[in-house]
Every structure is written in C-alpha cells, then in structure tokens.
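Okay, so subunit A shows up in both of these, paired with subunit B first and subunit C after.
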Partner chain A sequence: MFETYINDYNEAVFEIDKELALEVIESALEEGVTPEQVVFNIIIPSIEVMMAEIVINADTNLAQHFMTAQIAAEVTEQMLAKFESPPDIIGRVIIGTSYGDLHSLGKRIVMGCLKSMMVDVVDLGVNIKAEAFVDAAVAQDAQIIAISSMMVHTATGEEGSLKVRSLLKERHLEDKIKLVVGGAPYRFDHELYNKVGADSWAADGVTAAKIIHQLIMDGKS
Partner chain B sequence: MTPLEILSATVSGQPSPRVPVFCNLLDQGAKVLKMPPKAYFANGEYVADAQLKMLKHYGHDNVWSAHYVGKEAQLLGCKDILFADNGVPNVADFVIKSWDEIATFEIPEDITQHPHWQVMDDCLKILRDEVGSTNPICAYVTASTTLPVILMGMDKWMELVLIGPVDLRDELVRKCSLFVQKQLTAYRAAGANVIIYASPFGSTYFMPKKRIVDWSMPWMQEDLKAGTDNIVYYGGMAPINTVMQLVIDTLKVNIFYPAPEDDISESKRLINGTGLTSGVLDDIKMIHWTEQQTRDEVKRIMRLGKAGGHFLFGTGFMPLKLPEANILAMLEAAFKYGRYS
Partner chain C sequence: MIKQHNLILHTEKQSIHLKIPEDLSVRLALDIAGLRVRAACGGIGTCGACSIKTVQGSFNARTLAEWQKIPAEEREADIRLACQLYLNSDAEVFLDNPAPESNWKSLDLQHWADYHYPKFEVKHNIYAVAVDLGTTHIRLSFWDRNTQQRIACRHGNNPQVALGEDVLTRLDAHRQREDNLQSLTEIVRDAIIEGIRDILARDIGEIKAILAKVGAVNIVGNTVMLAILGGQEGSELYDPESWEHQITCLPVDLPAWKQAWRMPDADITIQAPLAGFIGSDILADLIAIDITQHSEPILLADFGTNTEIALWDGKQLWLTSVPGGPAFEGVGLQNGLSAEAGAIRAVSLINNRFVFDTVDDEIAKGFCASGFVDAIALLRTQGELKLSGRFLNPHPEGFLLDKTNPHTAVKSGDIDAFQRAKAATAAAMQQLLLLADISIDNLCELWICGAFGQHLNVDNAQISGLIPTMDSSRIKLFGNAALSGCEKMLLAPNAKKITDDLRELVHVINLSQFPEYDDCFINHLRLKPFLGDK
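On to the complex of A and B.
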C-alpha cells in the first residue's frame, strides 16, 4: 500500500514538483494513513529509495537534492506535531560551516535529510570555529560533528576540520564523537577528507544522511 | 606566434605550434607583492603589476583582470567582502536580504562610473598596453541565472528558483541580465578579449535539463544578445558536457571550459571540429600530487584532447595551497606535451 505513495511522492520530488509531492502526502492522510506512518513508511523509505537511486544513477542534480531535503523536512515537521507520542531520536549531530566559510546551502540539504530520519540536528550556523563545534558536541551530547566547506582554504585550513580533530584527540573524545565533512573540495578530491582528519565524507546531502546515520548506529553497537 | 595568435588559430582551426596553456592565477598576485589580499585587490595597478610578474615567471598564456566574484556584488551594492590570507575572497554582505527587497533592487545606470569599476579599468588599461596585442586578457562575468547567488546567498536563491513565486524570480533575473549586458559591454570596451561566462545554473549538476531548456537558456540568450564574441561557456567547475550541444545550437557559443569531471573525448566529439573546448586539470587534487603525478595528468589531458586541435589546456582557480613545484611541473609538461610537431 505504501509503495504507491512512495513512488508517486518520489516521482514528484524528482520532477521538483513540490505541490504534487505535498498532494501525495495529503491524499495519504485523507485515506487514513497516520502521521507516524507518513514519516516512517513514506518519507524515510522514500529517502532510502533516493539513496539507492543515487548509487545507480549518478545523474541526479542539486535541485533534486534540495527538494528531497526541503520537502521531507517540511512534511516531517508538520507530522511530528501530530504524533501521538514523541518519536525516538536516533542520535544528535552538530552541524555548521567551517571557519571563514559562509556557504550555507550544503548544510541545509544535509540537515533536511537528517531531520526526517529522526536524527536531531543542532545547527551552529556559518563561519564556526573549531572550538565551538567541539564544545557544542560535548554540551549537547552529540555523536557527530558535521562540517560543510565550499572552499579549499576553509576545508583544509588550520582552523577547520584539522583543528576539530586535534581538539577531539586532546580531550579524549575520539571514541565518542565522529567527524564528518562535505562540500565542493571533497567532491574534487575524494581522499581529501582523510587529509583533514575526518572519519567520513559524502558527495551529496542524501548520502550524507545515510553515512551519518550509519556512524551513529555503529557507535551504538 | 604570440599566445593570442595561437589562441585564435586554435579557435578557427588554423595551424599552430602548440595547445594554448591557460593558468588562472588570481589570489597568488597578493602573495607576489607580499600584500594582504584586501589592499591588493583595491588597486588595479597592483593587480596588473602582479599579473605581469606572474606571466613572466611562469610563462603561461593568459592574464586576469582585477577579478574576484565578489566584485560583481560590490558593483551592485555589496558592502563587505571576507578576504582571507590563505584563500579566495567571499561575499559577506548580501545586497538582497529578503524577497521583498527584489522590487527595489536597482542596477546602476552606468557601472563604469562605480569606484569598484575604476579598479578594474585601471588594471585593464595597464594589461592592454603591456600585453594586449600578445596575450589573452581574461574577464569573468556571472550569468544572470547564477548572479543572484552572490546577491542573496545560494540558499535563498535555490529556494526562489525552485519553490518561490515565478514573477519575483524572473524580475530579479531580468535585472541581473541587464547588469550582465552592461558588464560585457564594459569589459569589451576596456580590452578584455576572453570573457569567462560562468553559468552553474546552466549545468545539469544544478538543474534538470528541462529547466535549463525552458528557463536558463532564454535568459542566457538575453545576456548574450549583443553578441557572443570571445564568450567562453563555463559551469563554474560544474560539468557542462551534457549541455554543450544545446549551448551550441541555442546560444551560438562554441568555446567551452568544462569541469575536470567532464570527459575530454566527449567534449571534443561535441564541438565537432569547430570552436574550442578545454581540458581542465583538477587543481584541487593537484595540491596533494607529486610533480610526477602532475606531469602524468597533463600528459593524459593532452593525449585525449590535442589531436585535431580546437583544444586548450587550462586549470581551475588555482588554490593558494598549491605547491610551487607542482605549478612549474604542470606548465613545463603542458608546453612539452602540447606541442604539435
């Protein structure tokens, strides 16, 4: 039963047709699907379908990633308000752009996908110092620090990911907190994440959510 | 032949001794003059001086005007650029802070009267006098469908393009297109002879093809309606092979600067013995290469693109972190493997 909704919804998202996507959700609700089911049986699986799609078909575009995140986050937020009881949160991520970097779109897409997957996201904003990432992760008991950088100097600079890594080491937090990075420079050099001391990276927002989700799960087991 | 003659021979398919070699050194200029980037970019004479010094030192073909993308935003009222000692300048003040401000956003009547244009003009004047008859002088113009990104941020623009009111979106692009046209005229008059037309929203990395056909293309036609002379189609380092045919047919532009991930053989097939396409080296990867790896990559690019001509070797916007030894190795290899004998 959910399959049709998932297909119709995903098709609309892929066609960047927000209205149509929302109509699919609307009609699901009208036909008796509960808000919980909308999130867990339509939105999350549809993101998963999208994840699989990206692996097979590399030709997805940023517009589609944006729409996936945007609509999923919007619908999830609306549904959460109608949940019978608050859902279990899988984990918590501290996100921001690196110091000196003001590009916020990548972060927004990653956040949208994560939120819909029941990962709590704390957004520190743009131009964030390494200390602030680590302090926030400790204060908020987060499992992941996620840093978006759109420029080479902010990705590889001394004040960015490299420093977060050394702070984690210094404070003996490396087992507890994982570091994930993303943004344009990492897509050009797929080994770059390693060189800046990160545990992982992703080339797009949907895959980012998948990887972060996996890291949180790994940490639990 | 001079580098300029080699370039035009390459475009028109005349015999030439080698592949043109473009190396985009912008932020490096401040280092050459041992100056903070902010002071450096504020004076056209400094930029011209450094460009000429770098041309002499490295021996590549092209020089650059006093360009950074933030400059376009400054011409339109941006008050703050975040300069970094170790990297590229970034727009730090958005001219349009909310959709409401689009209605009152205006394009200056004469951009050449703007103090920020003066810097550009000073720089181009010197470059034109010194190397205008021998070397390509590059300028950079952001397409009207992408320009709003630096006026309001990628976030807000993406939202407006994809889910916002169509009228508002097009009102802004119309204003931006007017600005693009004014810039093109001004650059041509000031002596720039290679104009990099940056159009990430005309790349399928950003938009589905259908949107590009229906929306980006008509606006790009508007941008370029005064002529496509010296226009180089560039995706901002996003791939463009998938739109090349469309650009050739619709915009009548046949000079391309693809991304490193675009397949060079495919680009060559698409231009089909006319105009020019480029083999662009991934200068972000190059940061961590050895000199030998750098030479090997140049060799690979030349092997794929050189045969049959209509081919240029180029780089991205060379990050400051690049080791000098790799830059030298790259250029040495480009001249060696780019020779037609």
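On to the complex of A and C.
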C-alpha cells in the first residue's frame, strides 16, 4: 500500500512539483494513513529511494535535491505536530557553513533530510567560527558537527574544519563528536575531507544526510 | 535596410561562408569573422598588404588606392585590396596568404549606438584606450581624442581562463601561483597590451611611436579581475565583511606597468568596483544607457560568469550580483563553446527540424549560451523537456537536436547548470524588485548586457523564466554596454562627475542577508516563465 504512495510522492518530487507531492500526502492521510506512517513509511523511504537514485542515475539534478529536502522537512514538520507521542530522536547534529562562507543552500538540503529522519538539527547559520561549532556541540550534546563549504578557501582555511579538528583533539572530544564536511570543493578532490581533518564527507546534500545518519547509528552500536 | 550578400572565402586550408552588408568592406567583415587578411594601415589602402583574389560575383569598381598599389599583372589576375572591396552581389574570393591566427577579433559595431563626444583639443598624448576586462573575454577600443574617433575595437579571450573559469577559482590560482611561473597579473596585462598592439599593427601601421602617445587608459571589469590586474592579492574578497564596500584596486606598481606597456605618459585608471562582487563593468553599463536620466524604473542585467543586476527605481540604484556560473559564457557547459567557429548561437524549429545558426556558418560543434537558451525553450514547447528540467523520455547521452551530430546534444548536466544559473539570476531580480517595491509590470525597460545579450532570443529566454515576462519592445539588448560606458568615462567632458554621481546613488545588496532568497531560488529552478504579480 505504501509503495504506491512512495512512487507517486517520489515522482512528484522528481518533477519538483511541490503541490502534487503535498497532494499525495494529503490523500494518504484522507485514506487513513497516520501521520507517523507518513513520516516513517512514505517520507523516509522516499528519501532513501532518492539516495539510491543519486548513486545509479546521474539524471537527478540539484533542483530535485532541494525539493526532496524542502518537501520532506515541510511535511515532517506538519506531521510531527500530529504525532500521538513525541518521536524518538536518534541523535543530534550541529550544522553551519564554514567561516567566511555565506552559501546556505547545501546546508538546507542536509537539514531537510535529517529532520525527516528524526535527527535533531541545530543550525548555527552561515559564516561560523570553529569555536562556535565545538562549543555548541558540547552544550547541546551533539554527536556530529557538519560543516558546509562552497569555496576552496573556506573548505581549506585555517579557521574552518582544520581548526574544529584541532579543538576536538585539544578538548579530547574526538571519540564523542564526529566531523562531517560537504560542498563543491570536496567533489573535485575526494581526498580533501581527509586533508581538512574530517571523519567523512558527501558529494551532495541528500547523501550527506545518509552519511550523518549512518555515523550516528555507528556511534550507538 | 542595407542589403546583405553571401560571401564564400577560400584559403588553402578552409572555406568559410559569411553574410556581409553592402556597406562593410571585405576586410572588416573578415576581421569580425576572425580569418583575417594581412594589414598594416587601418584599411585606407596605403599599405597594400590585404590583397585578395576575386573569383566570382559583382564588386565595387577599383579605387584609386588599388590602381596605385596593385601592379598591372596582378590587376589582370583579379587581385583587389580587401579593405577597398565591397560586394554588389553574392560572391566568392580566394585569400592566398591570410594573417597568422590571432586571439583578437574586431568587434561588430553594427547596432552599436555611436556617441558623438564633443571635440576637445589634446595637445600631447592624443590616444586613449578603453578596456572591459571580463573573466572570460577582454574587449578594448583605441581612440584618437583629438578627432574623438574610435580607431578600432577588439575582443579576445582572457588567457587566465586556463587557470579557472569562475572568479574565485581564479583568485585562488592567483594567490597560490608559484613564484617561478608567470603571475596572473602579468598574464592579463600581457593580453591587454597584445590586443592594443594588434590594433596598432593592423589599423595604424606603427606601434612604438603610437604607444608613447597614449595619454589615458580606462579599465572597467569585475572586482576580482581588477584586483589581479592591479597586482593586488585580493585577500579582502575572501572576507564577507568587505563584500558590501567599495574596493579600490589601485595598481601597486604603476611606473613599472607603464614601462612594460611602453606608455610613459599614460594615465592608467582602474575604475574602482562598487563592492566585493559588483565590478565597475556594471557601472559602465549604467553610464552607457544613461540610466539615471530616466524617471521610470529600469532593470539591467549583465550576464556572465558573475552576473550583476541593477534596478533603478527613479531615485536610487539597487545592485547585487550572483554566480551565473560559466553557463552564461557557454564554456561551462559539457557541450558548450564560447563564440568560436561552429558554436551554435541560435536554434530555430523549421518544419519540425532543428535549424542552427552557427558562428562562421560551420558545422555545429557545441552551444553558445544564447543557442542553449533557444534549445531549452524549443524542447520545452515541443514537450520533450519537462518543467523540472527532466526529459519526457530517457536520453542518457542527451537529446540530440541533430541525430547525426553528437555536438548538438542537450545534456542533463548542462540543463541542470543552466537551471541553477537562471534561478540565481531570476531570484536576484525578484529580490531587488521586492526591496524596491516595484512590480515587473511597472518596469519601463529591461536591459540585457554582456556578450550573452548580443544574440539572445528574448522570447525563448522568457519561456524558461531566465528573464521576466514582459512586452519584448521593452527589452533592450546591448552586448558591448560595458565597453561603451567605459569609452564614455574616457571621453565625455563631464565623465568624472557622471561617474561620481552614479556611485553616490548605489545601494549594494548582499543576497546572503536575505533568508527568503533561498526559497525564491528554489522556486525559480523550474523551467517556467517568470511572471509578475498580476
């Protein structure tokens, strides 16, 4: 039963047709699907389909990534208000763009997907100093720091991920908090994440959510 | 309407097809096409270097210069001077000894509003140069300030392109360049002087003595290019704090620069950019169209690797810039080209067949940005491409407009790059309109500047939502606006006041300060028209 909804919903997302996607959810609710089922049986599996699709089909474009995240976050937000009991949050992420970087769109894709996957996201915004990332992660008891950089100099700069890594080391937090990076420069140099001291990276926002989710689950086990 | 004729030009190596207006000499037409005759006198028939053989067709009668310069036996063999030669009918010519290939082509000055600046006596150093330094292209013109005449114009590629297509990659390359390699500053300075020397060699016939008489050089461009040209590191461009402020870009080594260019008395001015990513090229655009003389709202966009957008609300100028990505220069597309031979600059659909207009009429080798805009619009109207930017049916290798030519493939990745560039631009336009509280319907004019504007089909640009939907009579294309404005800064008697006054009216907008811009960008990703409120 959910398969049809997932297919219809994903087709609408692939067509970046937000209205149609929302209609699919609306009709699912009308036909008796619960808000919990919408999130766990339609939205999350459809994000997973999109994640798989990105790997095998280059015909997914940025517009579709945005739409996947935007609609998923919006629908999840609406459904959460209707949940019978508060959902179990699987973990917490501190996210922001690196110091000197004002590009926020990639970060938004990651956030949208993570929220739907029941990961709590604390968004520090853009142009964030290394100390702020680490302080927030400690204060909020987060498992992951995620840093988005759209420019080479903000990805590799001394005030960015490199400094976050040295602060984590200095404060003996490396076991507790993992560092994930993403953004255009990492796509051109697949080893760059290593050079900036990150634990992992992703080529796009949707995949980043998958990797962060995985790191949290690994940490738990 | 001036009649046009077809010309087929043969050389030992190739044949090209051109359309030439009756009032344009064969030499100038070939200069624009880039397959040039040899020349050293500026086309007045005194050097005799541009000999060419007529094969068939009807031409103007031989001029006095030709009787003087061409020996009798060559005249009998139908040799003419290309600079004196005009077509009366379709024709064919043979060029035995073309000039060596060059990075520089003459600018096509047709449809270019010609300003008539009042003459003023300049006793010494009568020559002046205007330069529009772009990330991908360089345009320049050489002037005699005594007669206020443009001697010649050139455009060529910015050789720095090899070191990065967009401004930030270029800046990174500039800072990280190893000491033993030629700096990006030297590369671009060498390119500009080479363009100037090309004019002097071909259009005046004397180089050193003329360079010594250059009194003024005025340069506009985007901030990164100007910082590099000035020999600066450009570090402040990495700091978001400085993005909204004026950046001076003063040259660090002016005496050495003048010496290298052999222009000891030249007053070289780098026109200060308006902000971190808003160059003085858009300032020149605004001066070129006299924007502040209008009382009605005007929107202007200078499309390029870094697209700059200005909105005049009748009192102040709202300015911003967005990354167009190299999509708007053609070069950033997988199947893209800059305006070189074989580049598709326009596509039309005739009897259900895609027909291409290519540079030099050669077989299609890839898309110019304007050709790609046409292709997207036609595939949309044919129903082959959906609003989302996905094809109706799968085309893993791209949609082949000509089934026999892989260079005509419209590829998914290229559509994606275009969608991002057009969404960034359209969202920026919408954001400025919102801030100034002006609706599309109230816009008096929309100006599209930059090389992209030269061949843009505005109806097709509207189908994909690249520009707002408005009556096409209100849309003006001005490809060489920045160079034209740069010339005005150099030659108009009150130029400094015009420039200073305009700077006072500028209100720079950093779009990253507006969270709603992101949503606006996402909404504009679909390939649908950009409509007004009504």
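Basically, the second predicted complex is superposed on the first by the 221 of 221 C-alpha atoms of A that agree within 3 Å, B and C clash if a C-alpha of one lies under 4 Å from a C-alpha of the other, contacts with A are read in each partner's own complex, and residues count from 1 in each chain.
By our rule, a contact is a pair of C-beta atoms (placed from the backbone, for glycine too) under 8 Å apart; a residue touches a chain by one contact, two chains touch by 3 or more.
Not measured: the values here are computed from a predicted model.
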item	value
Side-by-side fit of subunit B and subunit C on subunit A, or clash	clash
Partner chain in contact with A:Ser104 - subunit B first, subunit C second, else both or neither	both
Which of subunit B and subunit C A:Asp189 touches, first, second, both or neither	first
Touching partner for A:Lys169 - first (subunit B), second (subunit C), both, neither	neither
Which superposed partner A:Lys82 touches (first subunit B, second subunit C, both, neither)	neither
Superposed model, subunit C segment overlapping subunit B, candidates 39-47, 75-83, 111-119 or 183-191	183-191
On subunit A, the residue positions that both subunit B and subunit C contact, one per complex	15-16, 59, 61-64, 66-67, 70, 100, 102-105, 108, 151-154
Complex contacts: residues of subunit C adjacent to subunit A	168-169, 172, 238-240, 386-391, 394, 396, 412-413, 415-416, 419-420, 423, 510, 512, 515, 518, 521-522, 525-526
For the subunit B and subunit A complex, residues of the former touching the latter	82, 84, 86-88, 90-92, 153-155, 158-159, 161-163, 204-208, 211, 237, 260, 282, 284-285, 287-288, 319-321
Touch list for subunit A against partner subunit B, complex	15-16, 18, 59, 61-64, 66-67, 70, 100-105, 108, 151-154, 156-157, 184-185, 188-189, 191-192, 195
Residue ranges of subunit A touching subunit C (in the complex, touch as defined)	14-17, 58-59, 61-64, 66-67, 70, 100, 102-105, 108, 126-127, 151-154
